[in-house]
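One structure, pasted below without further comment.
By letter and in written order, the chains are A, B, C, D and E; residue numbering begins at 1 in each of them.
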Amino acid sequence: MRGQGEICLADEFILETEGLTKEFAGFFAVRDVALKVRRGSIHALIGPNGAGKTTCFNLLTKFLKPSAGKILYKGQDITAMAPADVARMGLVRSFQISAVFPHLTALENVRVALQRQHGSSFDFWRSKSVLNRFNDRARELLNDVGLSEFANTPAVEMPYGRKRALEIATTLALDPEMMLLDEPMAGMGHEDIDKIAALIKRISAKYTILMVEHNLSVVANLSDIITVLTRGQVLAQGHYSELTKDERVKEAYLGAGHA
Amino acid sequence: MTTLTDDTLRATPRAMRDEMIVFVVMALLLAAVPFTGVYPFFVMQALCFALLACAFNLLIGYGGLLSFGHAMFLGTAGYCSAHALKVWGLPPELGILVGVAAAFALSIVTGYISIRRQGIYFSMITLALSQLLYFIYLQAPFTHGEDGIQGIPQGHMFGVLDLSKPTVLYYVVLAGFLAGFLLIFRIINSPFGEVLKSIRENEQRAISLGYRTDQYKFLAFVLSGTLAGFAGSLKVFVAQNASLTDVHWSMSGEVVLMTLVGGLGTIFGPVVGAFVIIAMQQYLASFGQWVTVIQGSIFVICVLTFRRGVIGEIAHYFRRSL
Amino acid sequence: MQALYAQLLVGLINGSFYALLSLGLAVIFGMLNIINFAHGALYMMGAFVAYFLLNLGGINYWWALLLAPIIVGIFGMILERTMLQWLTGLDHLYGLLLTFGIALIVQGVFQNYFGSSGLPYAIPDQLKGGMNLGFMFLPIYRGWVVVFSLVVCLATWFLIEKTQLGAYLRAATENPTLVRAFGINVPRMITLTYGLGVGLAALAGVLSAPINQVRPLMGADLIIVVFAVVVIGGMGSIMGSIITGFALGVIEGLTKYFYPEASNTVVFVLMVLVLLVKPTGLTGRAA
Amino acid sequence: MPDTAIAEAPARTATGGNILQVRNLEAWYGESHILHGINFDVNAGEVVTLLGRNGAGKTTTLKSIMGIIGKRTGSVKFNNQEIIRATSDRIARMGIAFCPEERGIFASLDVRENLMLPPVVREGGLPLEQIFDLFPNLKERLNSQGTKLSGGEQQMLAIARILRTGASFLMLDEPTEGLAPVIIQQIGHTIARLKKEGFTILLVEQNFRFASTVADRYYIVEHGKVIDGFANSELSANMNKLHTYLGV
Amino acid sequence: QDKTVKIGVLTDNSGLYSDLGGAGSTLAAQMAIEDSGLAAKGWKIDLISADHQNKPDIATTIARQWIDVEKVDIFMDVLNSGVALAVNNVVKEKNSILIDTGAATSDLTNAQCSPNTIHWVYDTYMLANSTGQALVKAGGDSWFFLTADYAFGAALERDTAAVVQKAGGKVLGSVKHPLNSSDFSSFLLQAQASKAKIVGLANAGGDTTNSIKQAAEFGIVAGGQKLAGLLLFITDVHSLGLNVAQGLNFTETFYWDLNDGTRAFSKRFSERMKNKAMPSMVQAGVYSGLVHYFKALEAMGGNPHDGAKAVEKMKSMPTDDPLFGQGSIRVDGRKIHPAYLFEVKKPSESKGPWDYYKLVGTVPADQAFRPLSESVCPLVKK
């Protein structure tokens, strides 16, 4: 399937990188990566531990500064932007280690995200009851990720898997165009995995998703296209079925067990 | 860094109602002071510090930013108001305005420098800035160095309120305090306040949600600094002097103490804390040399036994947010 | 020009006190996460213990150099055991407040019994007198202070950064529960570490007794500057505070030469500049 | 800080004897009561897996055994010694090692120091070469700061460092989380080998597929209680149950 | 007539200056009350004391409260110039009384003089005048100043420099050091390099003792330069020890071993002090001031509770007490008495504890203080 991108129109790709490189004191965590993410697709980024997946995410969302290379988002060069501004353009991430506002309730967690978009977040002279108008939408989002009963629970008291779900709900609240999910299923129970997988599938109709995941069944079921990274470089790209046949991928990532 | 506040208590609509009730009770009690025989100057002074502590609390308790240089706003506003009143002969309301404006300007400058720093480094850069300012005030002629500006005229506010009458002064100060307090209360419970709290909780996450967190922290810093300045301007009328004490680092430390003793991140805590500390300074003064020992013991006991502060402990006991 | 050399040398001498004190503070902060406001009071106690040893027990300076840090260190460990240990896991602020309270109590008690103007402590005979260096008259005692504190600083640095014990300490700072679950008696280790930091303060106190008066408030005036040193060096960084300590002494020396009024302030100017350029101090790790 | 009063270790090769006995274990986080009476046994040389939904109390069980939960009651016997009151450093020195869920890599230590951190409690730990064979990534990154490692590398480090100590009873909390399939396979092999060498392993896993390749027995935890348990040989007969309990 | 009196001792109880005022001042006041014998004549005299922590704002708050709530009639001690000026304002506004025995600034009786205030013991003008002149006369004709960087230090330096120049000496330079420094080596090196014959210490308390001590260490005195402590108290000498302090010249208006009267008082005082210290001139001033105040009250037959009126009365009566001898209070509020130039004894000359000074000169009362002709005090009619 490589090369398909070249035939298509440039704006089919919502995100493109050229020669993206990140060096930590002589160690290349990401090296010369050219990534093209098609609008509306679920694109998986897989690879062995330490391959540079999270680093890639950090570069894309500007939490790290690239050593070299260029990032285009919706055709615009965002290489030099600040992280918050990238988020405002609709490119939003979740974290590998779960990131919630621990002492806010689930509802409030989601509301914080809703509030950003709808302004009024600098209004220090107004009562916060103006935020109540977000409650319905927030409940809806919590419901989507199966957290209805946790609406009034502080995030810190929620089980791990639920925190991941909450994080996704919060991210969705921003109504992003593209979501970067870093191991969204890590540490979840089976039921939750299925729920979240279904959720991702559902929302992918509206959003573009780039995700890192080690759970192969999830990757297999969800992703339209997969890029395999090793040692900071792209090793292969293609559909799951193709990649499982690729000896290099097997050796580097999947292991012998995967036929 | 663990959070300092008791976060098992969250603002729910019921909590807001509780807080309003307590506020009204507090306002009534304070309004009754002149009829009780309690010495009004003591209360006025405590009110000024209470406002300062509340402003400080806005930054630490809700923004997670521990400023170790809040005295600089108090002192700057104090000096500027004092100078305006005494040398330029401005009426009280304009004197206050001058002081508050100075604190506002100062908080913009210092906020711009310090806000990008995290945790303990933020504290330290605010401390360093306030020490620089201390040095400037020590050297600048208009502050009269160690002697301070003394004998400041109180004047007539709006041309009618004679501030040299203790009762009139008392109500003016009380009104100022209540206004400042309500503003802070509102800020905490505003959309802005919500964002601030979430930044305190997890700044990285807030950034990833698209918040330019520096701007929010900056606004919180400026609001806090300006309100602290307002406290400083009011204090000029009460103390009728402006001195280096108000810009010294130990004053910044005292504010931290007041807030902690009362209860960090509680709305009424700083007020109670300010009253406790000021009362301690006043009434322990007659214990002679043992003052510092007694004061020290109180801090030790506070930290070891009721760390949430007076109000924090009460709130925790009743499982209410106060 | 000669005067300038002299100022630099004198600066270095003061720097050794900053270095020793901030070193102890950095050890305590780095390992226990406590901002030890009582450091100044403990430094003062070191000097007083030396004074008592001499005047009540007839024990000379050299023994005091060994005994005072041990005695004050034990006092510190008692403090840690009875009070500070209850604060593990809480915000810095509580430790700061508690130690501030302790400092007030200790200073208050000493002031009650010994007044505030201070007691004399003589320079030991072996170190009396001075050398003419050409550009200045260097009291031998001051030269001794520089050399001795340099040695102590480097030894401490080695202990903490280069030994397994140091690794335990650093790890325990971050996650004491887990380190304990690896089989290390963390509470005891922490107590000993606090004792070490406090002992360093007391050592500085003994060193300074012959130079400064033995005064109850001798530490109170110093503590805030020493804090600044620790911050500039990068909170908790051992080497950072040693280098900054000595460097600050020299810079102060220069300031005293060119603009003496600002000599108490220059450290804060430095702090603002350093924090603006390097947000976590010269060698610090993220807060 | 050597603590000499250490209980005599079980002979590493002796399998079969009951090594850990948990009875009526209850535990609290502050006010909230999490474990409501956990009962189970582990025999020497076994791999036992705790399964259960998110929040069932698996991690809490391990932590309670390790002595790092503030309030706990009941009985935990290790080699017939009661350890419910013991402090965690004593427990560790009796030969129990713990690899926490959140990994617990130290930011202020480099990878080498992290690896060397846990003190050796007795002879017989894996030598460094073997550890590097298992986790080649670590060898490469030895001088990086601990928390600069990628998520998976941190997980490797967390496992690696307790293999060194010679503790013969390992508690691993979701060791495969965030690891690439190749590495998971390797860990599977490692566990098998450790078992052969006489280690006893108490495992908490969400990844049932992985657990089924290594475990001898399973216990199911729900709402702070062990509600069921069976051996690997009875697995197929119990698939239904597993489905209702865990949705596998 | 009302015969109740309340005395407030407002002092530094915990800080830098607590040895020379502090608890000793309170004791001195207590002794004055006991010695007055007024209780037997039906007077009821109360005494309270407080710590102003050297902070003008704390002091004014306490002062207001004392006047408004505690009904304090008279403030004693109030050392520290900044505090004194602030309290001076309050006392004037509320028509109370201040007898200041500790603050140095001569402004209290000059630009800031008040009908409610008496400055009892010493001031910067007098120190400069007496010590400065004496040293120049003794051949110390070139000076270098070490000055505490605040109003008090600056005033002391300015006044001393003027005296030195008037007497034909030269000022070669000066260096300002921050208040409460612990290290003076750099400043001393500069003083050394200046080659001035006299190094004038325009500072007080710990600053002075530390500079003296370190001067010895750096061989300043051994190198032939002489130190002049412009404001030194006996407690400072005590803490320095005679070894270091010997040979210093300075001015005080009271010394315990001056005559029978001072010795008798000081012995009684010292016995009641916790650390057996002899009284400083500040503490002695508290006693002396109160003695005179009580005389005025008796003369008025009761307490008018009117500060200006009582001060008026005090000014009209000559003063006489065993500690400061005979004297008077000028219209500007300046208490007039002789000043004594002392030199610190060598250890070999000292006969016992607290035997520290030998008298080397006396400035007569009429020459010791700023002449009224130079005064800008509005109370002085010209």
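Quick note on the criterion: contacts are C-beta pairs under 8 Å (C-beta built on N, C-alpha and C of every residue); 3 or more make two chains touch, one makes a residue touch a chain.
Which chain is which protein? Per UniProt: A = Amino acid/amide ABC transporter ATP-binding protein 1 (HAAT family); B = Amino acid/amide ABC transporter membrane protein 2 (HAAT family); C = Amino acid/amide ABC transporter membrane protein 1 (HAAT family); D = Amino acid/amide ABC transporter ATP-binding protein 2 (HAAT family).
What you see is a predicted model; the values in this text were computed from it and never measured.
Engineer: Spell out the chains that contact chain D while also contacting chain E.
Structural biologist: C
Engineer: Which integer distance in Å separates the CA centroid of chain B from that of chain C?
Structural biologist: 32
Engineer: Centre to centre, by mean C-alpha position, how many angstrom separate chain B and chain D?
Structural biologist: 51
Engineer: In whole angstrom, what separates the CA-based centres of chain A and chain C?
Structural biologist: 49
Engineer: I'd like the Å distance between the centres of chain A and chain E, where a centre is the mean of that chain's Cα atoms.
Structural biologist: Computed from C-alpha means, the inter-chain centre distance equals 75 Å.
Engineer: Check each residue of chain B and list the ones that touch at least two other chains.
Structural biologist: 3, 289, 291-292, in rising order.
Engineer: Any chance you could list the residues of chain C touching two or more other chains?
Structural biologist: Each of 108, 111-112, 261, 264 in chain C touches at least two other chains.
Engineer: Mind pulling the residue numbers of chain A that touch at least two other chains?
Structural biologist: Not one residue in chain A touches at least two other chains.
Engineer: Touching pairs of chains, all of them, please.
Structural biologist: A-B, A-D, B-C, B-E, C-D, C-E
Engineer: Could you list, by residue number, the parts of chain C that touch chain E in their complex?
Structural biologist: The contact residues of chain C facing chain E are 2-3, 6-7, 10-11, 13-14, 108, 111-120, 122-123, 130, 136-137, 139, 141-142, 211-213, 215, 217-218, 221-222, 252-253, 256-257, 260-261, 263-264.
Engineer: Quick check on the complex: what are the chain C residues that touch chain D?
Structural biologist: 164, 167-168, 170-171, 173-175, 177-186, 188-189, 285
Engineer: Which part of chain E faces chain B closely enough to touch in the complex?
Structural biologist: Interface residues on chain E, with respect to chain B: 13-14, 18, 22-23, 26, 48-52, 55-58, 60-62, 64-65, 68-69, 81-82, 85-86, 89-90, 93, 149-152, 179.
Engineer: Sort out for me which residues of chain A touch chain B in the complex.
Structural biologist: 61, 63, 82-85, 87-88, 92-95, 99-105, 108-109, 111-113, 115-117, 120-128, 130-131, 154, 170-171, 174
Engineer: Could you please specify the touching residues of chain D with respect to chain A in the complex?
Structural biologist: For this pair, the touching residues of chain D are 32, 53-55, 101-102, 137, 141, 144, 148-153, 155-156, 174, 177-186, 206, 208, 246-248.
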